[in-house]
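Next come two complexes, and both contain chain A; in the first it sits with chain B, in the second with chain C.
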Partner chain A sequence: MADTGFLPKEKLKDFLEALSKDAVVYAPALEGDIVLFKEYSQGKDLYLDRPANLGPKSIIYPQCETLLSFDFKKNDPEDPKKVDIELKTESNFANTVVFGCRPCDAKGLVIYDKVFIDTDTADPYYKERRDKTTIISFACEAPFAGCFCTAVGGGPADTTGSDVLMTDVGDGFFFEALTEKGKAVLKSVPMQDGASYKEKAQKIKSEAEKKIRNPFPKDATEKLSQKLFDSDEFWEKVVSKCISCGACTYLCPTCYCFNITDEKTKDKGERIRTWDACMFNHFTLETSGHNPRPSKLKRFRNRVGHKFLYYPEKYNGVIACCGCGRCIRYCPASVDISEIVGYLKDPKQK
Partner chain B sequence: MSTEKLKEIILKVLPDVDTVIGWQEGFDKIHITPFFMKSPEDAEKAVWNSLCVQNLAAYLPSLKKKTAVIVKGCDSRTIVQYMQEGLIDRSNVVIIGIPCTGVVSVKKVLKAVDYQPIEDVKFSDEKIIIKTSKGEKTLAIADVCPDKCKTCQYPTPIVYDHLAGDPIESTKPAESVYEDIKEFEKKSLEERRDYFKNEFDKCIRCYACRNACPMCVCQDSCIAETRDPHWITQKLSSEEKMMFHMIHAVHLAGRCVECGECERVCPMDIPVAKLKKKINSEMKELFDYVPGVNPEDKPPMYTFNVEEAKIKEHKL
Partner chain C sequence: MALNQNPYMPEMATVTRIIEETPNIKSFQVVFNDKEKMKAFKFQPGQVGQLSVFGVGESTFVINTPPTRMEYLQFSVMKAGEVTSALHNLYEGDQIGVRAPLGNYFPFDRMKGKNILFVGGGIGMAPLRTLILYMLDNREDYKDITIIYGARTPPDLCYKEDIKEWESRKDVNLILTVDAQFPGWEKRVGFVPTVLKEVAPKPDNTVAITCGPPIMIKFVLEGLAELKFPDDQIVTTLEKRMKCGIGLCGRCNIGHKYVCKDGPVFTLRELKELPDEA
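Right after this comes the complex of A and B.
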């Protein structure tokens, strides 16, 4: 038995504790009224009732990470102008388990993989974290406000990007290993055989799938209307209310744009990589002072374009949106990207 | 006040302006979204109810063409402050005021229904009835209103060109406005430090609070992001986050109109308005000044007196 397993609900914490012996385990926890991924420690409460406000992306792709540190050293007393630079990189990422993220969160990581790993020059920082992390996703029984995963090729029990999929079957959780990493995790912890729960889990999963809304018109085309996409009037109509903050991009499991800055005190410092957001004016501001996307309309258009046009063009039609609904749920002005893409997909729109 | 009355006013105003900013239904029944109306057909879709929380006046400084905006009493303080600071051309703005008895905090409603997706919302007698797949729940609006409504002093807009409804007097005592701050100050210094550290640690620097703030006029030139001078690094440490929020608060000294937008929009649920409210309470104490209530006032930080009645160190 390694491909499936079953755990009664009261045994879930024992499972996490067993996993914590060999890895750092992150699990959703309640922080005030919001849900965040926190390092799991013995006895800590879990919170699985709704998706985390901020998914697990920051564990594998941190909002701020040091790429290297530098130190300017004057080693020659005869020549004070001679400066040596000492460079250091450090890597201390431990084996990690992300427990209880949603299938959309895991799917988001696959969008990152194509950019950071599946290239001629893989990003060593991201790759190390990704390789050392096992993802145990929790299938959704029903959608949450704003969710539209099935409309963008995912689903409430989609397995893309997950190593293990866990389904709530009432009196306990049914586990399915999806990868070698997943099998290893299930093997490492004593668990009941899950075979008898497989059918029930399947039923729950397909019921859930039917409940997800499809925001796109019934006769929607795959392609977006280029004419509408190029219309300033259209963007003015749909995003005048946008306040140009970075909430949508930072909470998005598929947004990966970053900034690199040298943060330096007198003679030493660090080169850091931090998340950046295409909704900020500075994002495309050039040193000349010219800004190719000077208005929020242009910036929002790019955000939609990146996810639904440019990324699919580059990566075999894959849409860079997992339909988690966070950008809709937490938008200060309730801008709804699914509504906007719906207009762009509607063949009646000219 | 009925939506019909509001629609009448919108239709009357529309021919004279480029846009009327109001509200319409959002992606679900609990979320109302800003609506930039251009035509009579748009006006038909306009909505007014207790879910119309967002302060629409905040859009005004970024708009060049003549615009009409729908404001509640609290939102009107934003316009008054803009007038004091010369941030809008009053002749370019048409103000449609709505007397308001209190709005609903969507965060509080969602919490009350365990974050279930909302299927329907109805209003009845100062109550909001929420339908989810788990059933119906009736909540008193007073129990789920934003904190600002509990001490509202200005239910009727202070400035307006059209008023949709009859003026309402405030029933809340003026002393109650800063009671929460006084209560918070009873905590020890260490407790307050830990409280803010814990809260600001959640900050993801998305700047929703800054961008939603009607008085954050620096916007794209905010020193939180400038490289020169380099006040704040891009690092994600508590110190950097705290520094940003302190700058935000201090920049709003005697300017914050207490609309609560910063707190409403925070996706991490950080009580970011607390610092600003504290500073406002100091401004009230020192200069007897309340932001955004009198267009003729001058904000204290825009001017100075050689002798200030309540600042002793000037007496050399």
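Right after this comes the complex of A and C.
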């Protein structure tokens, strides 16, 4: 079995158990009423009915991680004031499989890759985890509230960033390997031949694509109106209800802003990276009191600008939004980025 | 390059000398502990470095010695926040981390054969110092050099040793100013942008390089525009809250440009194409 495979539904857990022999497997699980990626262990229940509230980004790009640690040592008996500092980095990331994320989540990782890997100063922490992780995405049969993946270049069965794509074909799951890593995974576990399901899966996938809404007006241009984008009045109107909680950025599969802080005890310490959010006032606040983005509207404009103008400018037109809809679904104030971008694409509407 | 494979890993360095420039600014002369790395270290005037006080954090400062003087790297630090206060508490001989060089640099090649006008205010003199020293070390490449430098009061002027030397040189036109009358001060009094207009340098074949507090830069840029300096002959170097220093962490961007990586040096023409978030 190499490129495709089939598993009856009742065999899915066997499949995950087989995978967990050689790798740490993360799969979506229901916790209370939210769906999160959890380390899979034998017999654990899966939850595939809807996309996880928080995608798998934290597996590859943890919310909090140690970049380096340091020891303070007094090595010189001649000079008791002198403190030597020893720096250390550690890496112990095991081979990992992310099972059951959605194609939009996988696409988000590709947007990260350009920032963290395709640069002359690649991020070694991100790269190691990315290299050691295999992504098995689960194609969506139908959209969920807020989804608009097709409008930003993705799709419910888009393969970008996935190593394997899994489709629910009724009596079981059809698997397609998309990369060498994906082939290796399919090879490593017993599976039925999938060839006869290929056509059915294709049909399900193209049906799903038709069901995704396009939030942008029909005659919208590809380009955003720079004039409207520059208008404070426009932003004031569309983000007045935003409460700057930053939930959109934490749940977003393409948001990656981070903070770096030091922590220490008497004789050792760590330099720690944590997710941060451009929606917070202090994100850009300088010690002098100067703040280049001092208002909510400037911060929100920067967030939309980053996804739809600045990132595409840097990376060949690629939009840094995967249309997963999480920022719309979970916004406590019902701010809708797709609506805002729709106005920017077709200013006549506003 | 002092950056090793891991761009977050600082190079360990020793503070060899600390100079008290003003009541709240100290300069730190720093040498890498690894002598080979110090010898191999290359950078360009205007590039910055991140200094680490381990356990407190990292902040960005310009390397204000020029690449023509490599016995040590000098950083000037105004005491303002947590990291700068921790730096001010250091003694000579203490260990710090250095990640450098980061960012772009002054287009000093394009400035060859031109008159150079420096307009600096307060700690904003630090990046200008790098370029001034570099140009003085390559004096024949540049025409007239004019330096307008202002601070709040005379004790707030940095680089007093340099100032003495520049005042004594015939090939440097140094104009000092302080914001208000001060006992014993006999030179100019007035804000930097005002003095700039009084001095009224001609824009012909001249590049202006300015750095200072945001409010000063704002009015200096207006002043230079009044003096008819074209946008691509005005160069500034920006400061922002920074963390990673390598264009990843997302806080120092102005539009699609990251001040830490694509900057800190920009021409006014480049800045005008970006959102007004300097």
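Everything that follows uses one rule, which is that the second predicted complex is superposed on the first by the 346 of 350 C-alpha atoms of A that agree within 3 Å, B and C clash if a C-alpha of one lies under 4 Å from a C-alpha of the other, contacts with A are read in each partner's own complex, and residues count from 1 in each chain.
The rule is short, and it goes like this: a contact is a pair of C-beta atoms (placed from the backbone, for glycine too) under 8 Å apart; a residue touches a chain by one contact, two chains touch by 3 or more.
Just so we're clear, the structure is a prediction, and the values are computed from it rather than from any experiment.
Engineer: After the overlay on chain A, what do you see for chain B versus chain C, clash or fit?
Structural biologist: fit
Engineer: After lining up the shared chain so the two structures overlap, which partner does A:R293 touch, if you call chain B first and chain C second: first, second, both or neither?
Structural biologist: second
Engineer: If we overlay the two complexes on their shared chain A, which of chain B and chain C does A:F72 touch? Say first, second, both or neither.
Structural biologist: In the superposed model, A:F72 contacts chain C only, not chain B.
Engineer: With both complexes superposed on chain A, which partner does A:T261 reach: first (chain B), second (chain C), both or neither?
Structural biologist: A:T261 sits against chain B and chain C alike.
Engineer: So, A:L251: does it touch chain B (first), chain C (second), both, or neither?
Structural biologist: first
Engineer: Return first, second, both or neither, reflecting whether A:T274 touches chain B, chain C, both chains, or no partner chain.
Structural biologist: In the superposition, A:T274 touches chain B alone.
Engineer: So, A:D123: does it touch chain B (first), chain C (second), both, or neither?
Structural biologist: In the superposition, A:D123 touches chain C alone.
Engineer: State whether A:N53 touches chain B only (first), chain C only (second), both chains, or neither.
Structural biologist: A:N53 sits against chain B, while chain C stays out of touch.
Engineer: Counting only touches as set out at the top, which of chain B and chain C does A:Y310 meet: first, second, both, neither?
Structural biologist: Touch status of A:Y310: second partner only.
Engineer: Which partner does A:A145 reach: the first (chain B), the second (chain C), both, or neither?
Structural biologist: It touches chain B, and chain C stays clear.
Engineer: For the combined three-chain view, what is the angle at the C-alpha centre of chain A formed with the C-alpha centres of chain B and chain C, to the nearest 10°?
Structural biologist: 90
Engineer: So after superposition, what is the minimum Cα distance from chain B to chain C, given in Å?
Structural biologist: The answer is 7 Å, the least C-alpha separation in the overlay.
Engineer: Show me the chain A residues, by the header's touch rule, that chain B contacts in one structure and chain C contacts in the other.
Structural biologist: On chain A, the overlap between the chain B and chain C contacts is residues 259, 261, 263.
Engineer: Could you list, by residue number, the parts of chain C that touch chain A in their complex?
Structural biologist: These residues of chain C touch chain A: 3, 5-10, 12, 52, 54-58, 80-81, 84, 91, 93-95, 97, 213-214, 239-241, 243-244, 246-256, 275, 277-278.
Engineer: Of all residues in chain A, which touch chain C in the complex?
Structural biologist: Residues 67-68, 70, 72, 79, 81-85, 87, 89, 115-116, 119, 121-124, 230, 256-264, 269, 271, 276, 278, 283-288, 290, 292-293, 298, 301-302, 305-306, 309-311, 313-314.
Engineer: If we count contacts the way the header does, which residues on chain B are in touch with chain A in the complex?
Structural biologist: It comes out as residues 19, 26-28, 30-36, 54, 58-59, 107, 111, 114-115, 117-118, 133, 202, 204-208, 210-212, 219-220, 225, 227, 233-236, 261, 264-265, 267-269.
Engineer: So in the complex, the part of chain A that touches chain B is made up of which residues?
Structural biologist: My answer: residues 31-34, 36, 49-50, 53-54, 63-64, 142-146, 236-237, 240-241, 243-247, 249-251, 259, 261, 263, 272, 274, 277, 280-282, 328, 330, 332-336, 338-339.
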